[in-house]
Amino acid sequence: MKIAFTATGKDWDAMIDPRFGRTEYIVIYDDSSNKLSVIDNNEVKNEAHGAGTATSQRIFELNPDILITGNGPGDNAAKALEQMEMKIFVGAQNLTLKQALEQYQKGRLKEL
Amino acid sequence: MINQQPFKLTIASGKGGTGKTTLSTNLAAYLAEHEEVVLADLDVEEPNSGLFFNGTLVHEEDNHNMTPNWDESRCTLCGLCQDVCNFNAIIQLGTSILVYPKLCHSCYACSELCPENALPMESTKIGTLRDFQMGKLHYVESQLNIGEEQAVSSISKTKRYVANKYDNISIHIFDSPPGTSCPVMEATKDADYVILITEPTPFGFHDLKLAVETMQTLKKPFGVVINRDGIGDDEVANYCKAKDIEILAKIPNSRKIAELYSKGELIYPKFPEVREALDNILEHCQSIKEGRTV
Amino acid sequence: MKEIVVISGKGGTGKTSLTASFAMIGGTDVVVADCDVDAADMHLLMQPDFKVSEDFYSGEVAYINQDNCTQCGLCKEVCRFDAISVHNGEYIVNPLDCEGCGYCARVCPTKAIINKDLLSGQLFISNIKTSSQMVHAQLGIGSDNSGKLVAKVKDQAKEIALKEQKDYILVDGSPGIGCPVVSSLSGANFVVLVTEPSVSGIHDLKRVYELVKKFNIKAGCIINKADINSEKQAEIKRFLVDEGIEHLTDLPYNENFTKAMTMGQTIVEYEQEELTSILKEAWEKIKQLTNKDKIEI
């Protein structure tokens, strides 16, 4: 299973980025290989308009099974994510990626 | 031959909360005691003027933006639309093209450049325009739906509506949004005269200077009204004097005025000083207007 | 590190004055972010030193290179914003009207049009009188306030807060309900709604709260000038109860706020009595509620 996190850093100790559209990094965890891959989202973050839609497209290309984030996507991004039927879990702000994964596994994160 | 074009007076400010709506509603109501007046609230994110009037709804219509609509049957998924859009308002997700009307600036590039004509432009509703009447006062307000970004198109649409429907009324008053960004430019760019209303405090002074710069950029004739006069200091008055900016009127600071305003009531009927201020403003506007016809 | 965002919907309710007061009370626990970038005012109370200043670019504006232009007029034809006009036979783009859509550049047969990055404003990082830092900005006249500058200010504030290990970022949010407000709210742990008991105040409070609800952020409300209209004050309180918004405190109408402002001071520097103690209590409440929002680990 592939899990995507919105993150402010590149490893398990990095904090979840509470935002979606202007998240700094998208970190993908593949549980079959137990590996993390990091996508730098700074270019999108710097877009004047439509950061949410641009980030959604990146998620589409990465094709994770679920997305874990903080406050949740704004209206525009939500539309795209819905189109992809992406499972989104929110409420992970102020946690590290590692903690967020644990909370998800314990069923403590809210599904949108 | 005397120019019969309506006189367009716009009330703006740098800082929010300085009294734009208080002034525009009181001015409009005062004038409407004797002649037909149109007041249009162009603060489409938070229109408030209507809260002070009890008018009858005369007309309601949708405000639209033109946005592209994906015609799947014609699309070859070439992806040119996404490439062309500078606002991330169109993205391709696999075999679907997603359009984001809220991000669309209606430039028509994607629609007109699409080789298959698969993105015809259509209307999307972004808000509502309402036209009310109360005696001789006509009050028009446009409200943007929450989440919509395109204030500028609502503002220009409202101005067009007023210009078309009320070309027989000699004075049009516009309540502008606060600040100095594009919505304000759109609201003030066609004005015959702009009144900048501010308060004599450091915030009011700082933001007035920004508003003055905006007016100078647009080359608009303007004057200043000082609201809540007496509450702060003389910086605003001194600045206007130094820059040769006309101070049209000073509305005194008064807790009683604040209380009246809080109830949604007009101020001038109970305050002769405010009435006097309105007289000064109208006199000045009249002389500007006559200056035009000479 | 938590983010507290102060918004009001309507201008003139005292949002900035109150945010500045909390910044004083919070002292070195707090990094301040002035996200009211269209008419930024916090700097008038916080004595910033503008140590770092950075140009801010947002969007693009078209520019026609006259050397390559053949005056075919196609650019003017496609422009929906009337931004291109002819002067003395030359085609010129008016930067104030140009939306930066890039359409003209695409169709120009001689590639005479380029899209230039638009200098939209300036961002500043300052040391302020609390011995902490403030990130602030000023948007240029007529600029597109998309929320990007707001996002940048917050990012910078976050960076500083993490580096200096500050507990809170305190954000003076944008007025209204548009993209700058959305950007101000994005990532917030707690929202402070500042309102006044008036018809306009209530109207705008409800509109801005609809936006807050979408982001699912816990909120509290301060009723400023609470005693100018007791009926409206009661109406607000009912609204707060109905929506589950914490009623943080009421502040009486008091001209000392303005007197303090004219001296470049927040109310907590100007007087040390009634208003200051109300605000100190409110700040404690805000911190408590902000920190309550935590998943058990």
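Each chain gets a letter, A, B and C, in the order it is written, and its residues are counted from 1.
Definition applied: a residue touches a chain if its C-beta (ideal position, glycine included) is under 8 Å from a C-beta of that chain, and two chains touch if they have at least 3 such contacts.
Keep in mind it's a predicted model, so treat the numbers as computed, not measured.
Once CA atoms are averaged chain by chain and compared with the all-protein CA average, the nearest chain turns out to be C. Chain centres here are means of the Cα atoms, and by that rule the chain farthest away from chain B is A. One inter-chain figure worth recording: chain A and chain C are separated by 26 Å, centre to centre, where each centre is the mean of the chain's CA atoms.
Taking each chain's centre as the average of its CA atoms, chain A and chain B sit 39 Å apart. Put simply, the C-alpha centre of chain B and that of chain C have 20 angstrom between them.
Residue numbers of chain C whose C-beta contacts span two or more other chains: 144, 146, 214.
The set of chain A residues touching two or more other chains comprises 47-49, 51, 75.
For chain B, the set of residues touching two or more other chains reads 86-87, 147. Of all residues in chain A, those touching chain B in their complex are 47-51, 53-54, 56-57, 60, 75-76, 79-80, 83-84.
Chain B meets chain C in the complex at residues 14-18, 21, 45-46, 48, 51-52, 84, 86-87, 105-109, 112-113, 144, 146-147, 149, 151, 177-182, 184-185, 201-203, 206-207, 210, 213-214, 217-218, 231-233, 253, 255, 258-259, 261-264.
Those residues of chain C that touch chain A in the complex are listed here as 2-3, 58-59, 144, 146, 148, 151, 155, 158, 182-183, 186-189, 214-217, 294-297.
By the touch criterion stated above, chain C contacts chain B in their complex at residues 9-13, 16, 38-39, 41, 44-45, 60, 78, 80-81, 96, 99-103, 106-107, 115, 139, 141-146, 175-179, 196-201, 203-204, 207, 210-211, 214, 225, 228-229, 232, 253, 255, 258, 261-262, 264.
Residues of chain A that touch chain C in their complex: 8, 17-19, 21-22, 45-49, 51, 70-72, 74-75, 90-95, 99, 102-103, 108-109.
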